[in-house]
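Chain naming follows the written order as A, B, C and D, and within any one chain the residues start at number 1.
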Amino acid sequence: MLEKNEVHIVDYKFNILVWIDLLIFTMITIEIAQFDFQALTVMVALVIATLKTYLVGTYFMHLKFENRFLQTIVVGVGLLFIAVLMVLFTDFLYY
Amino acid sequence: MSSESVSQNHTAHFDAYGIKLGMWLFLFTEVLLFGGLFIVYATYRFLNPEAFHEGSSQLNLVVGAINTVFLLTSSLTVALSITALQKGDSKKAIDLIMITIVFAVAFMFNKYYEWTIKFEHGMFPGMDHYKELPPGEAQFFNLYFLMTGLHAVHVIVGAILLLIVAWFIKKGSVNQQRIVYLENAGLYWHLVDVIWIYLFPLFYLII
Amino acid sequence: MTAIPHQKLYVDFFHEKRGLASWLVTHDHKRIALLYFYAISGFFVVAFCLGLLMRLELIAPGETIMSAQVYNEVFTLHGVIMIFLFIIPAVPAIFGNFVLPMLIGAPDVAFPRLNLVSWYLYVIGGLLALSTLLYGDRPADTGWTFYAPYSVKTGTNVTVAVLAAFILGFSSILTGLNFIVTIHQMRAPGMTWMKMPLFPWALYATSWIQVLATPVVGITLLMIVAERTLGIGLFDPSIGGDPVLYQHLFWIYSHPAVYIMALPAMGIVSETIPVFVKKSIFGYKVIVYSSLAIAFIGYFVWGHHMYTSGMSGPARIIFSILTFLVAIPSAIKVFNWISTLYKGSIDIKPPLLYALAFIFLFTIGGLTGLVVGALATDIHVHDTYFVVGHFHYVMFGGTGFAFIGAIHFWYPKIWGRMYNLKWANIGFTVLFIGFNLVYFPMLVLGMMGMPRRYYDYLPEFTIPNLVSTVGSWVMAIGLIIVIVNLINGRKGPKASTNPWKSVTLDWTHTQSPPSLYNFEETPVVTRGPYDYRDYEEYIKNES
Amino acid sequence: MSGASNFAEGVDLAFYVIIGISVFFLVGITAVMIYFVFKYNKKRHPKADTSITGSVKLEIIWTVIPTILVLVMFYFGWAGFAPMRDVPEDAIPVKAIARMWSWTFEYENGKKSDKLIVPKDRPVKINLVSVDVIHNLYIPAFRVKEDVVPGRNNYMWFTANQYGSFDLMCAEYCGLRHSYMLTTVEVVNNEEWAEWMLTPEGESDLDRVAAGFNVIKTNGCVACHSSDGTKLVANSFKGIWGLDRKVVVDGKEQTIKIDAAYIRQSVYDPNSQVVLGYNSGIMPSYIGMISDTEVEQLIEYIKSLGGDAQ
């Protein structure tokens, strides 16, 4: 009962643009990894990876055109995982 | 996930959204399956930072980067294939799936090459050189083989799913109106891509 | 959402098709539920007998009937079967499958074929677990928790047992996934979320846990397999691994799993009480939200199983606070159930007896959970018989009793016949008394300091152990009465379609036993799920 | 059971508070339940009051009150626990070595024993070391318990405040003889303790054989090997000297005569030659724990149990 059957088509060209962005991001990560910012490097790498995931999710996986509920649970699962990791690290961080 | 909604058994109704929702739920389980390994990774990396750096420098960045490009591109072709089928061009859709498969094979080939080299150096679980690795580094390679290995299994499964869907498109049972199976196989493929997006920097790029 | 094809004649689902083969390939949720029922009952009896054997061994110090190695294998198998093969699938896979579609006015679950696949996975996993008895060195002797590094070192057949648990996990995931889509997509017209009965709500919350927690234990168990077979020593301290990390990963699943066991049982209690009290459940919305809250907070309390593992101080404190918070929604549910009784018109039938027993026993179990949830006290009773007492109270006293209650409740729906009520009451009484005789002494033993998984014990622990063992015989008698009575009920008098006079769709709109797609036409929901105003009239009009 | 350490008071107080509140609720809930069941029984009360569906006020009350009570319980639990992590500076360090399935306690001056001997009223810090799997050191009377995890430096401390002998058990499942991994804590007065600490080992009137027996006792060999011919986990030491033993070396079967070299290797590297029919990895290696002289003593002891002749 939730679905609306309108189809949203992501155009060929737009898909290719997303792909080019993804390649650029990949290059940036590799470049940045050459500098040693210590812990920051990992953070930057992960942030870029997350941006890439955002692109793949929103456009390739069509999340942008899905209903609210689906968008929420996808983000929710991501946050849940991060929360679990944070709670876990209360052990290792202070050990 | 090729099960159909029940109602289809005895009425004309076909619940595309339900099937897609099912696929997403399945993807969550995949995310958390890898999530368990990411947790182990995060912990051991935290406990042995230098060793992980040391281990990472022994991996071949070029091979990793090429594989990243392969997977990103294959994701693109899957996305394009969905666009094609949405527009009703099933021939183009099949062609694009086939290109995806080619990239998948290329990825696996690269992986094979990478692992063979490790193998020749005795750097494979159970082999002599492997057993002599210093503590943290052993964990790095344990995780490397386990995570990229599990990922490779997913690449194979994803490729098979796509092939099956291509066959159905050819037969006509997956078409512009009933595109959800292609979308689902695509979702799976993109997930495989997303996991690699994280694996790549975490294994090949640690400073 | 869809029209059901018109059925000319009422044929119940047993007679729709005949022959064993038609069962083994069925897509009908009711038949699959019964397939689960028989498979689960089979495993249950095995594990029950193992429980009795353990008690017999512990009747007195020293060797009684088995050697230490056998004892260790027995409690491991008992735990593995009870957890993975009985209590996790029992309520969702049997009663969820059978009544969920009917309660929400659907002809079946969303993915019927997948449903059958889960059953096959369940059976394969179960047989694999039992097969460890037959080949290899010996069945696993690690305890159901498979703690590394012992599980990596022992020469017993851990690999197969762990793989079995992995497969069972997948079965559980697929069931959960199926239910979520079913609940989202297939509710009858008019059944808004807040008009959905509470058992589907409980299953909804449970399903999310199944989908989101089970994969973590899946991968953890695979790591144990990798460590045993490939020499990938992930938890081996000599190469930088950490055995405590294994415990974290294990409990990240296994604590939420205890709510996979408890929530559906609570759903059954919420479903039963209004029927026999003939008034709406008290605080419907609060019960809904508390289920969701339990599912959510339950995800973050796993560390309370590890207070003595050498976790950091802050971690212990955070886990303890969260543990206490997760107790509150359970408390709220108990208060709401009790309040439902107020000014009702209470008809004490066996299903209600089991529901009330659930409240009492689960409360004891839950309150002992608070004792183990607090830091100081858990240091003393962790890994002692106190914990064994705690979890038997919540699992057997809670979920187990709710499960038996559910059989009594939906019995006339499933088989269209009625068991003997008097014998049901007698069986209940003996079971209830026996239960407390077995497990209360365990709480005492734990306070005295007897560790669990002990084959032999010091003389000062003798008397409570003796009481407990004798109690296990009383309980066995009670259970046998219950089972025999239920089996005899198959030849009992025909039941009317709605013997308990319930107002939920499963009773008002389907036959007993139901027909293939449950409803003759898709029901349209206008009333709340537990609206007992003028119920006699409503029931007459609808059927 | 009465407590015998500085923690007993805090832990027991937490027990009283939590169990007190629990009993109150259990009795209350049960009483109300039974009362309702009788009062509103169908016979007495044929028509239910269907107008009652909930009450926001009540829901708030029974959310807030349990929340407060639960935080109180948490507080007492934490208060009883917090001092357990705060080791006083002057605590006497003792190393507890756990293995399948026995304990060895090693004191600052190198002295070892199989019972834990501590002075009354002085803080003792126990460093927990495991050589194989996870164990758990549990002294019920002291209300202390902590896992002994291989690779982690776990610790515990306490001050015993009663003389006597108290049970010390392993509370984490560790395999076959987990339930026999017991010993005792002996709480003695300060002078006795100091004197005991200074008695050097093995030097008293023990001859070499008796010294050998002491070695296998303090190092826990007795958990798996008996001296009287009964098979525990592994073969008994009785009568094995000079026998031809079938062993597996590098996956191949071989026959070795049991002599001093064989025993030495069994102690230091047991997995290099595994007796046929056993799994490797059960017996831990004692490298660094048993000195060469001790091995000599233990060989004397095994010799003394007979063999050859039979």
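Heads up, the rule we're going with is that a contact is a pair of C-beta atoms (placed from the backbone, for glycine too) under 8 Å apart; a residue touches a chain by one contact, two chains touch by 3 or more.
Quantities reported herein were computed from a predicted structural model and do not represent experimental measurements.
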**OP:** Any chance you could check whether A-C or C-D wins on number of contacting C-beta pairs?
**Re:** C-D
Original post:
Taking each chain's centre as the mean of its CA atoms, how far is chain A from chain D in angstrom?
Top reply: 47
Original post:
From the C-alpha centre of chain B to that of chain C, how far is it in Å?
Top reply: 35
Subject >> Between chain C and chain D, centroid-to-centroid distance (C-alpha), Å >> reply: 33
Original post:
For chain A, what residues touch not just one other chain but two or more?
Top reply: 2, 77, 84, 88, 92-93
**OP:** Check each residue of chain B and list the ones that touch at least two other chains.
**Re:** 15, 17, 21, 28, 31-32, 35, 39, 43, 47
**OP:** Any chance you could list the residues of chain C touching two or more other chains?
**Re:** 1, 184-185, 212, 238, 241-242, 244, 248, 252, 313
Original post:
Looking at which chains touch which, would you call it a line, ring, star, complete or other?
Top reply: other
**OP:** Provide the full list of chain pairs in touch.
**Re:** A-B, A-C, B-C, C-D
Original post:
Contact residues on chain C for chain A in the complex?
Top reply: 1, 184-185, 187, 212, 244, 248, 252, 299-300, 303, 311-315, 318-319
Original post:
Which chain C residues qualify as touching chain B in the complex?
Top reply: 1-5, 27, 106-114, 173, 176-178, 180-181, 184-186, 211-216, 218-220, 223, 226, 230-234, 238-242, 245, 248-249, 252, 517
Original post:
Mind pulling up the chain B residues that touch chain A in the complex?
Top reply: 15-17, 21, 24, 28, 31-32, 35, 38-39, 42-43, 46-47, 61, 65, 68-69, 72-73, 75-76, 78-80, 82-83, 86-87, 183, 186-187, 190, 193-194, 197-198, 200-202, 205-207
**OP:** Using the touch rule from the top, collect the residues of chain D that touch chain C in their complex.
**Re:** 1, 7, 10-11, 14-15, 18-19, 22, 25-26, 29-30, 32-33, 36-37, 40-42, 45-50, 52-55, 58-59, 62-63, 66-67, 70-71, 73-74, 76-81, 84-85, 132-134, 136, 138, 140-141, 143-147, 149-152, 154, 167, 169-180, 182, 279, 281-282
Subject >> chain A residues within the chain C interface of the complex >> reply: 1-2, 77, 80, 83-84, 87-88, 90-95
